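Heads up, the next two complexes both have subunit A, just with different partners, subunit B and then subunit C.
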Partner chain A sequence: MAETKEKSLSDEKPKPRVRPIVRLGIFLISHSFLVSVVCCTAGVLALFLLPVLAKNTYISENALMPGSASPMLSNQHVSDGNRLVKDLTNPNSKSSETGIESHKIIAQYMLDLGAEVSFHKFHPQMNQFHPLHFFSSPVSGKIQENYSCSSYGINTVGIIRAPRGDGKEAIVLVTPYNALKSGFGEALSLGIAYSVFSLLTQVTWLAKDIIWLVADSQYGEYAAVAAWLREYQTPKFSSLSTPNAEMCPDVNNLFELKGHSISGSKFSNSFRRAGTMAAALVLKVRDQNEQFEDTISIYAEASNGQMPNLDLINVVNYLAVHRQGLRVNVEKLWPLLNSSWLKSLGEIFESLAKVAKSLYPKWKFGIPATEYVEGTATLASSLYYQALGVPTGPHGAFRDYQVDAITLEISPKFSLDKVWRNDILLRGGRLIEGVIRSVNNLLEKFHQSFFLYLLTSPSKFVSVGVYMIAFALLIAPLPMVAASLYVDANSSSNCSKGDSSTPSAITDTDEHGIAIRSWRWLNSAKLVFIVHLWGAIVSLLPYFISQIPDCSPTTSFMIWVLLSILSLLTLNSVLASPLACAKATQEKEWALVKSVTISSVFIGLGLMSVINFATAEIGALLMVPMCLLARPLKLDVRAGTLRSFCRLICNLVLGHIAFPPAAFFLLKGMLDGFGNANVGDFWMWVESLWAWNSATYLFIDLTWRAHAVVAHQSCMMFWNLDVLVLSL
Partner chain B sequence: METFINPKSLFHLLLLPCLLLYSSIAYNSSPVEAAMHTNNWAVLVCTSRFWFNYRHMANTLSLYRTVKRLGIPDERIILMLADDMACNTRNKYPAQVFNNENHRLNLYGDNVEVDYRGYEVTVENFLRVLTGRHETAVPRSKRLLSDEGSHILLYMTGHGGDEFLKFQDSEELQSHDLADAVKQMKEKHRFKELLIMVDTCQAATLFNQLQSPGVLAIGSSMKGENSYSHHLDSDVGVSVVDRFTYYTLAFFERLNIYDNASLSSLFSSYNPSLLMSTAYYRKDLYKRRLEEVPVTNFFGSVMETIHTDAAYKALSRRNSGRFEDEMSLDQSVHHIKRRMLIKVNDGDEIHDINPELLQGEEGASKCPWSTFRKKFQKAENVDSLLNYGLVAMIPLLVISTWLVQ
Partner chain C sequence: MEKVKKKIGSFSFWNWVTASIIFRLILIYFPKNLNLSSRPEVSTPLTSFRRLAEGYWLKQSFMSPYAGSMYHGSPLLLSLLGPLTINSLVSVIADVVSAMLIRATGQNLRLAYLRSLESLDLVKQIEVSEFLFSGDIAALIYLCNPFTIVACVGLSTSPIENMAVILCLYGACSRLIPLAAFGWVIATHLSLYPAILIIPVIFLLGCGPDSPPRKLFLQRHQQKEVLNQSKLPPRFSWGPVIHFAFWAFLWSVYVLVLCGISLKQFGGLWEMFKSTYGFILTVEDLSPNIGVLWYFFAEVFEFFRNFFLIVFHVNILFMILPLAIRLRHRPCYLAFVYVAICSMLKSYPSVGDSALYLGLLGWFVNELADMQFSLFLFCGYVGVSLLSPVMHNLWIWRGTGNANFYFATAMVYACLQIVLVVEGVSAMLNHDRKLRNLITGKPQDAKS
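The block that comes next holds the complex of A and B.
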């Protein structure tokens, strides 16, 4: 190999020297098939290697010092917390139909501790699809008009001012609480928060204010927290723009009444604020539990795959494991845990690592197969939730304001036992206390540790520098294949032209012809652009469909499909020429179309990886093979060889899998069983995506378009509508 | 006859002002070598900010307490603390600082004078303190007013690395800076002996560039080693003292002002397994034997006392000592002059400036200088010298006027 290379080099010597990088590029492009196969395989392999490459987490910020102070939460505070739990679970408190009684109780408890208390009324915001608000902050110009005075929620907010602090920073503790149908778990979470709160009113070491938000979760936990945060972060200075809640007289009356009934000077009707938030903890206690030990689950994913700083998770993990003896969980994709192929893959890696270690004792990268399976399941769920872009809990609202926040869900092993209850109050309380004390030590925002990472276990992570390699390998073939296709298309057309025309005829038209030929890709680009335009229209359609009242998901989905086809037909008739002509004249130029498509997909994936890595990774897994294999079906059918037949089958299968609804159903079928799959589900799923302003929706739209383009070129022999026929 | 006398008288006339000039130089310049240890100063520096560096402030305050206990008065201690842990909002015990988890000793009691605090503790201010180049508005209490008889203890703690010490999380003191400052101090006769004690990671590297004589340096760790904290106070929630300082303090707690423990006993008290680092001391610039130097020479303020019969004898002795020094300098100045003359005569000769050698040379050379020199040596003081000169002028004047007439 080397000899031949040298030979070729020596042959080329008389030519002007080409720079090595250009030569390398030319080499890669000329071997694009091999390169793309190798790169794609390596990319997928690297993705499966990520759990092996995961590093142990470490606390990067010196100032945090978790666990250096012994917990001060005593049984006295626990019994305080127990008192609140009893009062809340007391049937008398639930007599009021609005659940205002229990909020009063909580407020009174807070006041007794000497905290500042205020109520925050909010109207739940309907989730609406704003096509242009994907990346804007949730505050931006949301005008809320139709408030119904009947539906409103009340957040109870208690604030402890740091006795010697400057009041510039605050730590937020959130406990979602539904006064109307609260389970025992919610009451217990309030008990834990209260015991911590009662401790914090006495301590002298607070440097940051403590805000305890009891979020009224009757309209959803997220909505309550988001409403409070919106109010907190956007102070209203003029009286003109006061929230409309005060316009409802009956609500006001209730409020007044409540204000009178509560004694204490520190109660205020106005909205209370503390400093900027350093961190936020959402505390939940799960009601029923099948676990055998006390576990605590950490939810960290916020909107669009944003994660809180890894240090926050580290602190919680460290304190829970090493101080309170709780088991820490992060979300896993449970079905993956039992998959045998993953297990065997893990065993292969394990044995490979053993071999490597026997060859060179310093290589220690192997992990046991079971650990590998768990790591992969965690990694997959981490990827999935980041890719989805939907926050996994109320903590997501904080991330929109660049506040690091996580949700802690404590799942105790038994329930209702008195001793056990005290134990979980004590341990949960000490954990929260420890985290607050640690964050209290913080001098700056969380900034030392990672923001871009994937978790493979609570104490292991894959950083951006590692997982980007897998992605880069996966998309690396795209530009090469595009270039090679472009070069091929140009050269082949040149040849055909050279054959047909006489040498003398070319001379005067030559330059002109070259100029025209070099711009010929614009035709293909136009085609691709039109299909993308159609994709954009399709993705905007749900906005209008959602305006139709009383629509079941299935009918909505059907309307969507019909409208999509209709729009395609309209587009086809309006801009008929390119699409129709394409069939006749550009049949041979499918290579150019493919080249342009691949380039656009490459750009799209590259951009997406900057916005949300996980989405880009999953998208790349689906789209890269499809894009690389796509070929007009007609050609394969005509060729009739075994190879082309295989390619045809691959094309059809990949084309179907990469179609977003199909991919969704396949995934859902694999995870839940095919029996439950329903067309409406996809609609609901998409609805949830746009409700959360998830960029994934945009991306699915992109996938859709790319898919349409590929499908289009695959089926160029059929009528254009076959795109949809094939897709559906 | 006339022609013989005239040049000589002229020569005398020329020589006299020269002598007067020399004597005035001798008055102004101070002696270098033979100054007595007359006072003690301490510069204690904590260079790091932030709550989690509590231990550095505790280190410095502990040492402050120790040197005060051993007799250095507050006005001779420059205490530099880069942050205020006592009043930090995170401090569970407001206005108190402890260096042990038993909380028996509050280091931040009523009697702490912090000279430089917070953001005043910068590399610039530190170097200004050492070299004494202050702006005019800086009060005396913030200056290191040491002299050629001072023993100075310079204690620094913070976060360091290879040949640097971090100040305030934003700037660094490099080993070159320190060596340069010490050299300036030496040139300006700001100390007689200087003990630099540093408790940081890789502390030994900070001494690499030191060249000035009379400097003794000790660091908590060698190059590539970390200095560790001693223990964590789980009540306050931070580490409260570093190992090196902890064991230094443990050594001093056993001592009182009258103890005669030597520096070598301090240095040998450091146990590498307890420190988890190797204490390093550099003594090649230091002349005296460490076994003979009591620690109170630096960490306390214990002077050599001289027993005298009369009340004011000690003072007079000091004066006479001073005079001897002046004389020796006078000689040396003279020697330099002489040497230059010799050099003019035969330029190839290389002469040492050492007084003994010169003395030997003088015995050999027989020029009119030697008679003057002997006169100088016999002279009681410069005033009498002046008188001699004036008296010598009278006959000279008489003779010259007579000659002219």
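The block that comes next holds the complex of A and C.
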């Protein structure tokens, strides 16, 4: 009989020549512990090396030709702009309650230049999260809300038709402006835009239409721009779908009056359009003053970590630094700038680079420690804002329609000085003019340069090819460990089967009669699937909870928790009580469960890295160690050695940290102090995330599920432990 | 005990069937939110219901339904489904019917398998009581597969095409020759590729459903030294095959006459062949789908186009003969392999095709118990079916990706299907080998 078995075994697997790639795979799988430790360390290290590996930006699209023409913006245009600023800051114009007066002034100014002017009425619309809209186009399925006549905003839109263009393309210039409480900065940004606008009505080189959108920011800058874009991109043909705004009589009267008072053939009440947008610039001037230099901050992150084409940032950076002498700034994570450990890490890298250079002079990859720290801080903020998935400014609305857009925020050095004001108008105006002229040269839409990148300084970037290496190293252990666990589980079960009397028969049965040897993982897959299903339900719950009126964040959070637990119990009872039946099998099958969990986490992380890299990277940092270390607590307790005790502690700590609410409170506590952390905050945060359709929300959900699986695994063991204690 | 088990099994079977139907009906109420009917994975130019509605409209207004290269399906579908394009209840019914047919066929196959094991005296070695009800499992896999659900809810005609294929196999298995011929003719008429299923159907009709190789039986009986003819599987008999050919001829003439009548004013049958089979064979529509041909023919020089068209289509034909020789004793499995290969090399594949072969795979749970890489394949399918929409989103809506991103997932998908077919076939051959070993090793076993 033994012979038979051997024979059948050897027949089943006739010892073939093992191919090198298979041998490599087997080697990796058998040393999965070492490999995973090495890979994870390398992944984290590579993440810290990214600022060193960053490349200098370069303008990839030849047609842009930034700065090749000398700026045409003269003092005449600047004084025009100054006039507008004066008129707007004049207290007389602010007397009206709705702020309609200042819009009238702006429209009149635009008309005087010969531009086409129209007003766009809009109602602030909350970004509604709808679970099924994530993958559909941004246009489809917007929910029409009930409008009230009381709250509406007015965008003023001026369009210059290009003398050389065919009206198929356009460049957008956006200046947020709150007519009710406008600061001096906003007026100044309007002045800059106006001076550029007045220049552009005269120039002959214009090949794309120019749209100047004065976005009414009393309901938020983003809402105004998004409402205008929605109207622009989805023309409404039927009279049925026109929003109720038209039915508000007072509003209409106002506009009628306005239409008459502003005499001009080029004013129209209807919505005006130009061609498809090539690029959009949002211009802001900050009221606060910078101590050192005139700086200009670039905000680029749109929703879900999308970035505009790198060429747009390059053009702005090039013109600002080399033509206008402005200091360009991108967002940094300020606390990191002073951290000593980062500085010492930078010094280590610097000294390593020095050693390398002394060995072989052509190796020049080192950067000074201070630069490294700054690069890391910028990179961290870049990662953070991309991971959050919430746009950093009104430019985010454009990205939803595939338009490249950035926000430029000018922070001037001095204040309220006539000469200085002219200077900032001139330089800002020339910068905008240069950018518009470059974009005007474009023949196609931006496509040459990168869309997937992280900035480490305004002129340095890490491209997708580089940062993906760090990520790939970090998650490489997952499939390997999953495979090794799977192989172990299968081979051990085969061994145990060999002891039983029937050869090659299928003996492994449980109460469901699943008797298939190589499909045994199906049970664990079912368990994991059920936990994921629960996660999906939990993540959909806020949508329904938010429908409940008058709920404070804390109570909603409590309702959420309660409903989650309830849904778990229901699922548990409905779907053949997976937890109970798993309890019996999990004792021996935890390896398979872990293997399936790790595979699902791997799929999820891989998916997320395509949707939003930064989220996936941060998530991987949290989840990979948790998933790799997860082990039934009972086994560790039983083993009783120091090593297993350490593992147990790691398990518990990681398990709690990676729990999304816990992670949130920890972060908040670190930033604000633990005193004022509140359960409701988490609710608010989640609400803000799904309001922006953030993929991070889905991801937190994924984290949640993975965590639930792991926690479940551990908790089952706890339960078993209790049972054991009781029986003793 | 067995009966009780079976009762429980069938009870939960019906539970699952109702659950899946209810799930479908729920999803049908959100057609706009899901937007499935415009997904490239679900509706191809051949299977899209929206195109069918367009063709129906053209026909209603007395124009050729093939005008404007919008509709490429059969004219019979227009008359049958045209008035029903509003809802997808038809596909739900088609799915349920297919599942029932799969169940019946699976039970047939299981009985045949048990019978052949009995005649080989292997009943004791392979614990027959542990055998799963492969029919139930296959039907449930077919019904609960997300691919099937998506194809059903997403308004495509693939549930109906799948039903025709399953009808053909069911008819052949239960020796209802007219039914088999009808299924084959309709399936071929609807999507051309099931034409190659004629080979498994001939084997099925000629020598009955799947069984271990004939050689084994002979070996077995030589060992026993009594050649019991009645226990041997029947030799290939031409009678049913000729019967089948007759019925197939009859049905195809009938279908062609019907098509001819409905297209009398609009160019007749030639127009139909040109815009259905011609459209399939020349890969005219290069809009992205989950197959690999669109990308290739978008890149290839016009000069070489015909050459590569021939290469790609002959690719399927090349595989027919070797597989038919190797798997001739298992015609149903051969049918599964053919369907899988077709759905891989099709010009306009959709998830509905994968739904079909994954469902058919369920028939062989007992034989494929030792299949390798099952977890890998499962994870691969899950990963690709999630990644592919994301890549599409990245390319079409966000504009940060490009066609290569999406095509990469299509290639991974094709590779997964190749791995599935290769592993499946080798697992099946291993199973046969195991049976042979059991037969030859039997005397030693008895001694010990």
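Definition applied: the second predicted complex is superposed on the first by the 674 of 728 C-alpha atoms of A that agree within 3 Å, B and C clash if a C-alpha of one lies under 4 Å from a C-alpha of the other, contacts with A are read in each partner's own complex, and residues count from 1 in each chain.
Basically, contacts are C-beta pairs under 8 Å (C-beta built on N, C-alpha and C of every residue); 3 or more make two chains touch, one makes a residue touch a chain.
Remember, it's a predicted structure, so these values are computed and weren't measured experimentally.
A.B. asks: For A:321, select first, second, both or neither according to whether it touches subunit B, subunit C, the two together, or no partner.
C.D. replies: neither
A.B. asks: Looking at A:486 after the superposition, I want to know if it touches subunit B, subunit C, both of them or none. Which is it: first, second, both, neither?
C.D. replies: In the superposed model, A:486 contacts subunit C only, not subunit B.
A.B. asks: Counting only touches as set out at the top, which of subunit B and subunit C does A:162 meet: first, second, both, neither?
C.D. replies: first
A.B. asks: Is A:525 touching the first partner subunit B, the second partner subunit C, both, or neither of them?
C.D. replies: Second partner only.
A.B. asks: Contacts for A:62 in the overlay, against subunit B (first) and subunit C (second): which applies, first, second, both or neither?
C.D. replies: first
A.B. asks: Have a look at where A:337 lands relative to subunit B and subunit C in the superposition and call it first, second, both or neither.
C.D. replies: A:337 contacts neither subunit B nor subunit C.
A.B. asks: Does subunit B (first) or subunit C (second) touch A:100, or do both, or does neither?
C.D. replies: In the superposition, A:100 touches no partner, neither subunit B nor subunit C.
A.B. asks: Tell me which of subunit B and subunit C touches more residues of subunit A.
C.D. replies: C
A.B. asks: First (subunit B), second (subunit C), both or neither: which does A:402 touch?
C.D. replies: second
A.B. asks: Can A:70 be said to touch subunit B (first), subunit C (second), both, or neither?
C.D. replies: first
A.B. asks: Given the complex with subunit C, which residues does subunit A contribute to the contact?
C.D. replies: Going through subunit A, the ones touching subunit C are 1, 3-4, 7-8, 11-12, 130, 132-133, 135-138, 140-141, 306, 402, 451-452, 486, 502-507, 509, 513, 515-519, 521, 525, 595-596, 599-600, 602-603, 606-607, 610-611.
A.B. asks: Hey, which residues of subunit A end up touching subunit B in the complex?
C.D. replies: Answer in residue numbers: 62-63, 65, 68-70, 162-166, 203-207, 437, 440-441, 443.
A.B. asks: Help me check something: in the complex, which residues belonging to subunit C touch subunit A?
C.D. replies: 5, 30, 32-35, 125-127, 130, 132, 365, 369-372, 374-375, 378-379, 382-383, 386-387, 389-391, 393-394, 397-400, 405, 430, 433-434, 437-438, 441, 444-445, 448
A.B. asks: For subunit B, which residues count as touching subunit A in their complex?
C.D. replies: 50-52, 87-94, 232, 234-239
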